[in-house]
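The following block contains the structure, expressed as structure tokens.
We call the chains A, B, C, D, E and F, going by the order they appear; numbering starts again at 1 in every chain.
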Amino acid sequence: MALLCPVKLKNILPLVNSTDIVTQEMLDYMMLYLEPTTIVDTECLKVGPPSIESEYDGAISVPDVLRVAKEAEQAGYHGIFINCFGDPGVRAVREYVRIPVFGGFEPSVHLALGLCDRIGIVTLRKNVAPMFRGNIAKAGMKERIVSLRYTSLSLEECCQTELLIKAVYDECLKAITEDGVEGFILGCTAMVGVAEGVKAALMKDGYDIPVVEAAQAALKLLELSAQMSLRHSNITYMTPPHLP
Amino acid sequence: MALLCPVKLKNILPLVNSTDIVTQEMLDYMMLYLEPTTIVDTECLKVGPPSIESEYDGAISVPDVLRVAKEAEQAGYHGIFINCFGDPGVRAVREYVRIPVFGGFEPSVHLALGLCDRIGIVTLRKNVAPMFRGNIAKAGMKERIVSLRYTSLSLEECCQTELLIKAVYDECLKAITEDGVEGFILGCTAMVGVAEGVKAALMKDGYDIPVVEAAQAALKLLELSAQMSLRHSNITYMTPPHLP
Amino acid sequence: MALLCPVKLKNILPLVNSTDIVTQEMLDYMMLYLEPTTIVDTECLKVGPPSIESEYDGAISVPDVLRVAKEAEQAGYHGIFINCFGDPGVRAVREYVRIPVFGGFEPSVHLALGLCDRIGIVTLRKNVAPMFRGNIAKAGMKERIVSLRYTSLSLEECCQTELLIKAVYDECLKAITEDGVEGFILGCTAMVGVAEGVKAALMKDGYDIPVVEAAQAALKLLELSAQMSLRHSNITYMTPPHLP
Amino acid sequence: MALLCPVKLKNILPLVNSTDIVTQEMLDYMMLYLEPTTIVDTECLKVGPPSIESEYDGAISVPDVLRVAKEAEQAGYHGIFINCFGDPGVRAVREYVRIPVFGGFEPSVHLALGLCDRIGIVTLRKNVAPMFRGNIAKAGMKERIVSLRYTSLSLEECCQTELLIKAVYDECLKAITEDGVEGFILGCTAMVGVAEGVKAALMKDGYDIPVVEAAQAALKLLELSAQMSLRHSNITYMTPPHLP
Amino acid sequence: MALLCPVKLKNILPLVNSTDIVTQEMLDYMMLYLEPTTIVDTECLKVGPPSIESEYDGAISVPDVLRVAKEAEQAGYHGIFINCFGDPGVRAVREYVRIPVFGGFEPSVHLALGLCDRIGIVTLRKNVAPMFRGNIAKAGMKERIVSLRYTSLSLEECCQTELLIKAVYDECLKAITEDGVEGFILGCTAMVGVAEGVKAALMKDGYDIPVVEAAQAALKLLELSAQMSLRHSNITYMTPPHLP
Amino acid sequence: MALLCPVKLKNILPLVNSTDIVTQEMLDYMMLYLEPTTIVDTECLKVGPPSIESEYDGAISVPDVLRVAKEAEQAGYHGIFINCFGDPGVRAVREYVRIPVFGGFEPSVHLALGLCDRIGIVTLRKNVAPMFRGNIAKAGMKERIVSLRYTSLSLEECCQTELLIKAVYDECLKAITEDGVEGFILGCTAMVGVAEGVKAALMKDGYDIPVVEAAQAALKLLELSAQMSLRHSNITYMTPPHLP
């Protein structure tokens, strides 16, 4: 039953872009906790949005995500990461392929659930908050995810790691004292090094609490799923009657 | 403030098809309760699924639904009906246009809420059940929508009205006696005449209870929204930062 | 099936008073969005409270509300508006008549649900807050109505429209920033012109969000119910076994 | 602080009737667990329904219940039992008097909560089910009260104790096996001797589980409230601004 | 059926300590509202923690609590109070004996439920907050217990009654204004005289609201349970298959 | 940051027994999906129950579980598995050590959440059902875990694998058709080979759905936690103030 070949995962960036935007540093960071033999291949979309900052962006990414995902399954990949915390197309893709599929939201929640009672999500900007709240409700997680906050940084500022760490840390402190949060998830899959910075800053205040990074969580749980031969239910995810 | 011109609504069929499949009988049925001056124009997609029977189908319909919706707003329509009970793209379209937008699910729930305490949905086939359950959870309606049932008819059988009425009625009886349902919504926007047949059959059993038809509900509430100048919140539905 | 005669609605003020307190301005405001042919007749109680500011007031109004409602049904009215946001007697009246019945709470919620995710109610004074919370819980709306606030005005101050608009607007701002509210309902059926004032003030802050006025919502949804022949379930609302 | 005089409770039958319908056997049963010094005086209404079998009945009882309750408070009673499982007027009366007030629903729930996890209510007839469900929701008890059932007896049959015990017992068995109920409340305050009969029958099946009788629960908790000087919150129950 | 002998209750302090720490003043306070004939005997543990300030402390107390409880049942006691607001071992003990068992949490909630809609708990220190939240969730009371607060006093300061009253009162005020609390429970069973002090201070602010003391609530409800022959369900609390 | 030495986990059987009852077959099964370098050492209790079939059993196991866990942490283990689906002592142990701790319940839920919407648990016998329901409620998982069923086998029959597979499969079928379950967790950590048998039987019926085995899930997620340096929050799990 155990998988004999190395785990091979497809990292789909649900964006139209060159894969050049995925630097080696980002890949190394995402793959930090994977087995040395695990392979992660990255692919961007041919048709889709420049970035995902709304339900609109998510929606226009999905048709091409479906194509890439199907090709990945046919090429023998063992799992698919749709690299966005909004989980765009995750449910549709699961109807379409029979290998494990994760976005960023679900797997980071699954890890955080075992680490604290009251989870907070801190994301970059407010546009995605309603979409995230919808995902929390759909996942039945309103009792456990008790806070959703975002920085007030501009998109440009979000790219400056130190600035971002400081802004996320400030929201974390508010979430702890005002919302009773006991552990965090970073609500974006492209925050290289931020979890470590925030965790260290919180530690200085005496808070030795988890700060889950979503891309790492997703890839690691996909690897685990492949190793354990876990596969989503065909009652929840029925194959669509009409396929191309 | 009152609207001086007649209300003009766009009926988007989220399918690739000729508009010929929308017969005059169907249009008359949908528009039965509208003001005589209200105009409903129907449009199908250029790119999309042949029908919507899964999350996959819904997902591939949305990009072209967005295009048609935007064109409708620019052409001066007062509201948009995405003609599917799964509400595909409703949230994305609301970010993209500033006129009222409904699929079939939400408006039929809003009408049913005023008519009974415990609502049941009866739809055609099981494939859409998980998607509908997700929409119920996202809408925060699990306390009021207490039953979701579907017939075991084939797609072909679903087209025979008498057979369909009988099958839906059978599920309604089970929903009343086993789930404590007190009023119904038909979970598909293409069931011409079924509500009346089911309602009459239930009446014979002494149940004088609502059977809400979703397309009629959606168009009537869009008309009302146009008349009352209601428009969705720009906090819930922020304009996407990047638009074509 | 379509109603051939004009819709005729009864507006029951659940108060002992002369109908003189209902000025033409108030009637015009309430009826702003109705069809020109729709008729609204107003009637006060012979026995009841001077105003409704508590569960006590609501309770002593209901027996005479029942009488007026029954007479209205017998006189051929198509719907009944119990003109109070606390919905006093709505459920009892629905057991007693077979025409549509609304107070102010339910129909404004039904409209707001389609306009935003997180609804806030702002009412005049704190006395009614526990009653409103009970209605929210009974309606299963705690996930969607996330804020209930009231002004600190005296009853006299509440009659000064500009003062009231300012006080309600202040509560709205707090509800947006502290409670995450995305759209509003005014929690009183006698706030002529306040919705427009509050909406305009919020718009200046960049919030293009709904402010639902309850009396307009109720009358419009009763008109719609009459047009669509909607009638409440006789499973939820069984005819009482002993009637006078 | 301890009460020096005997506890004196008012038992309000929310019905128009002679007090003759309250037999000595019924009074003895209700008072079975009270201190020997506790006094219970019974009073019917001058204006009200012949019995309470609907929200309509409840509503028309409340104004005169308010009068009797106020007179009882003024006469020095220490607590008020509104003798009906539907809790008609309980909240309005609490706004009006500052002594403890219970109907049958709340106190029987408070006792049952300490005896089992999953509570079931069995009542006489279906008419009251929607009203009871509303009370359960308002009380925030949907997680603990997992079943609401009623017999199919006629009103006349309900008066035959043995028949009633058998019918309630049958519903209890269904509630245990189909709904996972672990303890019961009888959903009517006039079921003399039924709790004992049902409890004994369940015991024969190996179920040593509680069957709470509501009138006994209410009077005993009112006695306790008087002894402990417990009084309802004036934030939840504000005095109405206008009183006769 | 009525109990002829005096009620005899066992007060188990789930601590290793001499019973000398239970002063006569504390006993008198706890027993203030009991029948003069009711007997309360106190017993500490031979093996257990010095105090209960964590789940760890609760856990190590339970085996010896089970022993004392069983001995109490065998010695003819009518009820068992596990004298801690965290309810350590309550469920395990109920499986082991067939007489009523309460910790401090459940009975104080049952009394508070009848006195206000929105309950707040104020306890001494933050360590116990996650344990209390777990108990609230398990009890299905998240809709009614809307606030959980604690003082920032040191353990030593907690022993100074005036200081403690002031600190608890301060948290109560915040709970009223920020969390909408309408009545309180003190979240510790060893706060002699604090409820009265807090209640008086709140009364000066116009808040005539309940402040339930948990040890008094528990003993009084155990006395009532004994008098009414109430006993926990053997479906919820099955006898363990293997017993010493 | 990555762990350089092999992961070393402690498998605590919360029972008094010789470790001989843990056969090599059981160990191999539990460890099936672990890295080849991961070490699992098993230890039984010196003081505790013979098996865990009640809250009583769980409670008397915890003090010695705490001792073994602390010794494991001091001996350099990277994670602790309390080998029981009831999660006895998990929260207390997390307060006491700073390495990851799992029982069987939580980690199997975390894996199942990613595989289907509606989870069912099937366990051996009914005694543990109330304890499991408490854990589900405390975990805030009532929306996702929609069914809890048990076989009617005797303890002896539970040891016959084929009989057990058949009995669990029968409950799974009922859970699918009656409760709408879409994926399963086996509610006991000692069911070697059952998951595979049940999964195969369900597959023959066309249900390609997950059947999560709890011991495998727990050990794999502990391994992952060690690899990712995940550690529980010190806000949720504060170190107890008094330690031996």
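Note that a residue touches a chain if its C-beta (ideal position, glycine included) is under 8 Å from a C-beta of that chain, and two chains touch if they have at least 3 such contacts.
Small disclaimer: the values here were computed from a predicted structure and weren't measured.
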Both-way neighbours, i.e. chains that touch subunit C and touch subunit B: A, D
Minimal step count in the chain contact network, subunit A to subunit F: 1
Equivalent interface positions on subunit D and subunit E, same or different at half: same
Centroid spacing, where centroids are CA-atom means, of subunit A and subunit B in whole angstrom: 32
Distance from the mean Cα position of subunit E to that of subunit B, given in whole angstrom: 53
Rounded Å distance, subunit C centre to subunit E centre (Cα mean): 44
Junction residues of subunit D, two or more chains touched: 117, 130, 134, 137, 140, 143, 182, 235-236
Pairs of chains, among all present, that meet the touch criterion: A-B, A-C, A-E, A-F, B-C, B-D, B-F, C-D, C-E, D-E, D-F, E-F
Residues of subunit F that touch subunit D when the two form their complex: 130, 133-134, 137, 142
Residues of subunit D touching subunit C in the complex: 49-51, 53-60, 62-63, 66, 89, 91-92, 95-96, 126-127, 130-131, 134, 137-138, 140, 155, 235-243
Contact footprint of subunit D on subunit B as seen in their complex: 117, 143, 182
Subunit C residues touching subunit B - in the complex, by the definition given at the top: 1-2, 32-33, 35, 98, 100, 102, 106-107, 109-111, 113-118, 139-141, 143-144, 176, 182-183, 206-210, 212, 216, 220-221, 224-225, 227-228, 230-236
